[in-house]
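Listed below are the structures to be examined.
First chain A sits with chain B, and in the next complex the same chain sits with chain C.
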Partner chain A sequence: MAVATRREAAVETTASWRPLDRLALVACWSAGMLLCAIAAAIVIFMGYKGLQFLRPHLLWERPLADSDQSRSGGFLDPLIGTVALTALGTLIALPLGVATAVWLTEFGRPAPLARAVESGVEVIAGTPDIVLAIFGLVLFQQSFFGFLSFTAEGNAVFGRSFLTAGCMMALVALPFVVGGTREALQSIPRHVREASYALGKTKAATIRRVLLPASRPGIATGTVLGMGRIVGDTAIVVILLGATLQLQRVDGPPLIGDLRGTGSTLTSYVYNNSPAGEGNAPEKAYAAAFVLLVVVIGLNLVAGRIGSGRSAWKT
Partner chain B sequence: MEDVIPPVRRIVVGEPPTVVPANGTTPARTALTVRRRSRPPGAERMRIESLGVAYAGKPAVRDVSLTVHAGEVLALIGPSGCGKTTLLRCLNRLAELTPTATRAGRLTLDGDDVDALEVTQLRRRVSMVFQQPNPFPMSVFDNVAYALREQAARRPRRRDLAEPVEDALRRAGLWDEIHDDLDRPALRLSGGQQQRLCIARALAAKPDVLLLDEPCSALDPRSTAVIEELIVQLASELAVVIVTHNLQQAHRIADRVAFMYLGELVELGPVEQVFGAPRAARTRDYVSGAFG
Partner chain C sequence: MIGGMVVFVFAKAWPSFSHNGLHWFGPPAHGGSVDDQLAGIFNSPADPRRYEYTIGAWPLIWGTLLTTAGAVALGLTLALLSSIFIVEFAPPPVRRVMQPVIRLLAAVPSVVYGLIGILVLVPFVGNHLISQQRKESVVYVVQLSGSSLLVAVAILTVMIVPIMVAIMSDALRSVPRAWTEGSAALGVNRWRTVWTISVRAARPALIAATVLATARALGEAIMLSMVSGSTGFAPNPLDGLTFFLEPTRPLAATIVDNAEGLSVKPFGQTIYAFAAVLLVSTFLLSLAGWAAKQPLKRYGIAG
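Let's turn to the complex of A and B:
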């Protein structure tokens, strides 16, 4: 009986609250509901438009420059561009990010240097992508980086290619990889590291065999979040990938020649086909935007799934 | 003298603590059937000479000298912060991982200065089990095989590791419970099983000395009883040094007991003597429950 009374008392009602506090609670609740409604509106609107205009052939037809929308093709090239650029950016960001996080978490000496590295990552995370893109263009137009893109007659380096855009996209994803890896490493109790040392293992072996495998879900979550950012980025695509409608390869061996060439992604395709862009084909923009949204939401769902349901150490 | 048990203090929230007289039988004691006493002391394995440890200049262990023998369980007891865990962590040079720690004195393993030994080699011979069960996030098999897989060198095949892994799991008393599925993730085992897995993992490297830092403090009484039996069995093959807060546990499993207080070794002697006829006043107060 006594227990039951206590339980009832534990569920506090707002009846005794001051009116202002009650108003604040309503405001908090409304803010959450509003965000829910906005998210639902985006998904429902894009879903409706997308399903209205998305035709399967759009996914495997190459885009063509034609003012007649029935003859301007699909968005195969931007789709390939999105996949290629994301893969490239991730491939660069993953080892770089994991290495940075391992050094910061497991070594991090001297402390001022570690703080400098931390700030560096924060600066990269805070830099607007348009700034990264402009900086990348200036950097990769130097003749030293000519091998990454197309070099015109007179040794003018074009600077725009999958490789150069991929390098800058890696910086977009990097902070997420570093963050995810650091968080995972920091959540491993110190006695787990010591248990490995106590078995006669070196620090290197401990990192390789215990810490990194244990951090895999965190690394994966950070990577997938970073991939989502690459998929959704537009500025770097427009400035550094050239945003050419079709994939434009340059001379070179297969794959290398393609990666040194330019292209576009779903984001730049949506931009160019929106009323703001040159193509002005809103139907195709909606269809591509729908595909883009599905990819990004899918990546976020994957990120949410990876971390859940794992057994951890008893504390 | 044989049956002297330290008093048990039962504390019930909301009531004043009741002290149960020492001559009552406690359930934990009856649960333990394996109890060997008066083992002849084996060969000396480790020797600690005037060990002093300080953290950032603050002394944690002062001028401690003792020996560790094969075939015995040496229990380190004392109140929190008395330096017993620090002493334990010096034996496999794990204390060096604390950046502020400084050490004085000499430690030897079979006559060799531990500082002269390669630290990874030392830790294979002086293995350790921790307070919290901490299996690695890999399969049961891989946990036990972990110490056997040489770093850098090519990984030995699983077939070659199967026998030593089974041997270690048998010695840790875990084989019968889990042999049907060695590929299950180690973190899915129960707490008691995890701790025995950690013991198996430590035994796989065939150490000469096994260090245990309050190995039962995170476990329930049943798992504790199982591990205590295991420790007593293991002591026939190697030297065991155990840090424990639990005086009953020290009494049940130890051959010799070292009582530490404020970083000093106050008393060291056979378990019957330390609990039955302590020479130092502080030891008497501690084992009778006056402080701690």
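Let's turn to the complex of A and C:
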């Protein structure tokens, strides 16, 4: 019934409207259509260019510095870099973000501290990634953090590595994780908590056994959105990861040595291969950008799928 | 953490500010360009007492202001109209398409926007919109290649509109139905109802959305460094239409472009000064956004 009445309202004739009002309606339609057109243009154009230039061998060949495009290799290293950096950033952001959100919603005392943390997260969300990147560089060039990256002669800390970039990427993802978790926790009705207490469970047990499992979809949505942000971020990669063409490892145990080294991701690969960067190989940039776009859109679809599935507490 | 960030960046930036005083915010002295000054700082002698710091960052600040203000003004109109469209006028099938469209536009990484800009829009503007005559008219001042304020503002608008639409449509949707129904019952047509009741009730959310979008536009670095021309040139409104086609370079893009020079001490400090200005302005914007949201909580219109 409700749907039917709304449908009738939608066909209200505009014949009696003033010309100005009709003009405004037309403007609304065209604004909406314009956005659709832009989105469609981006997807179709990138898809066309991507399929035109993407060759399977690009995915498993290492990039080489060569001005001859047939010999400059593919983008295996940036691909690994993207995966590694995203994993690292998520690994740091997930526990930190969930812990922050649980503390904020379930404890939140002392209140002034909670409010400070809350606004701190908001400030981080509003800080441009370029400022985060450059701040990370000052921070991790302190000799105290030398173990995270490569130390040059004379104790100058390089400050650029997967580990340092991962830490800053965690800050990029953090607001999304905190937001998703908080929203999920807040949507759990009070009586669920009270039932758990009534069964004699402690607060810690309630959080671990009841609240966290129930808010898993929310946490997952936030995390996946944050991952999308990390994958798409360029400024931090250019400044904090060094954006070297190949992965450059530092001496040390296998995994640690790699993570202390520098590398690049798909975003910095695209940047460097665009006319603005040093590589200037538009075909490669299009191919990498296509892969990047597929990854990001895929992550968003996953987030949407998880997000739409949460209706456990509809009352 | 936040405090540490501010302290660190300012400690690094201080020599640049203290050396120039208020001239830091002024135009480059003696008619030089800001790029020449940056080069001078980069090549300054290794002796700490003879470091070169002189800079007038006005062209960069002006570039930031222009791109941000242009994109926010355009984006506000576009976002308001399209969120009204989504909430009120779109037939259900169209509405179902619009949601993923907005999400998609928000998700596209800035480097992809930049790539499209530099490989498609910039050559198009350079080859078709700028006549030879126009190029010659300013050839002694600046080169017009198509990397311009126009392209930068256009792409930046597309980048910030999704953020605004997300917030605005939420707010418009949560305007109490009784208010709009009351207006409709008085015989007011639907456009007038939306415009006078919903939009007015959601005004704090519109401000909050604008503030957020401004912060995003201020901090956008990669895309702007790719399409805005990367010359420290202050577009001059007196040039008429050419104004929109002149290149510029905002603060954030300057940081990306010069990231390699960070290890040169005075140069790095100057770059940190740019970052400090950005940090303070986004911080102020967060504050403003928080203040703008307060009346919303009173009505319970948005969370």
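Methods note: the second predicted complex is superposed on the first by the 287 of 315 C-alpha atoms of A that agree within 3 Å, B and C clash if a C-alpha of one lies under 4 Å from a C-alpha of the other, contacts with A are read in each partner's own complex, and residues count from 1 in each chain.
Note that a residue touches a chain if its C-beta (ideal position, glycine included) is under 8 Å from a C-beta of that chain, and two chains touch if they have at least 3 such contacts.
Keep in mind it's a predicted model, so treat the numbers as computed, not measured.
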**Request:** Count the residues of chain A touched by chain B and by chain C, then name the partner with the higher count.
**Result:** C
**Request:** May I ask you to decide whether A:Y48 touches chain B, chain C, both, or neither, giving the answer as first, second, both or neither?
**Result:** neither
**Message:** Once chain A of both complexes is superposed, is A:W60 in touch with chain B (first), chain C (second), both, or neither?
**Reply:** neither
**Item:** chain B to chain A touching residues, read off their complex
**Value:** 92, 94, 97, 120-124, 127-128, 130-134, 136-138, 146-147, 149, 151, 185, 187-188, 191, 194, 198, 201-202, 205, 211, 218
**chain B-touching residues of chain A, taken from the complex the two chains share** = 189, 191-192, 194-202, 204-205, 209-210, 213-214, 311-315
**Item:** chain C-facing residues of chain A, complex
**Value:** 9-10, 12, 14, 16-17, 21-22, 24-25, 27-32, 34-36, 38-39, 42-43, 45-46, 119-120, 122-124, 126-131, 134-135, 137-139, 228, 231-235, 238-239, 267, 270-271, 274-276, 282, 285-286, 289, 292-293, 296-297, 299-300, 304
**Complete:** As the complex stands, chain C meets chain A at residues 1-2, 4-5, 8-9, 12, 77-78, 81-82, 84-86, 88-91, 94, 97-98, 100-105, 107-112, 114-116, 118-120, 158, 161, 165, 189-192, 195, 212, 215-216, 218-222, 225-226, 230, 252, 255-256, 259, 262, 271-272, 275, 278-279, 282-283, 285-286, 289-290
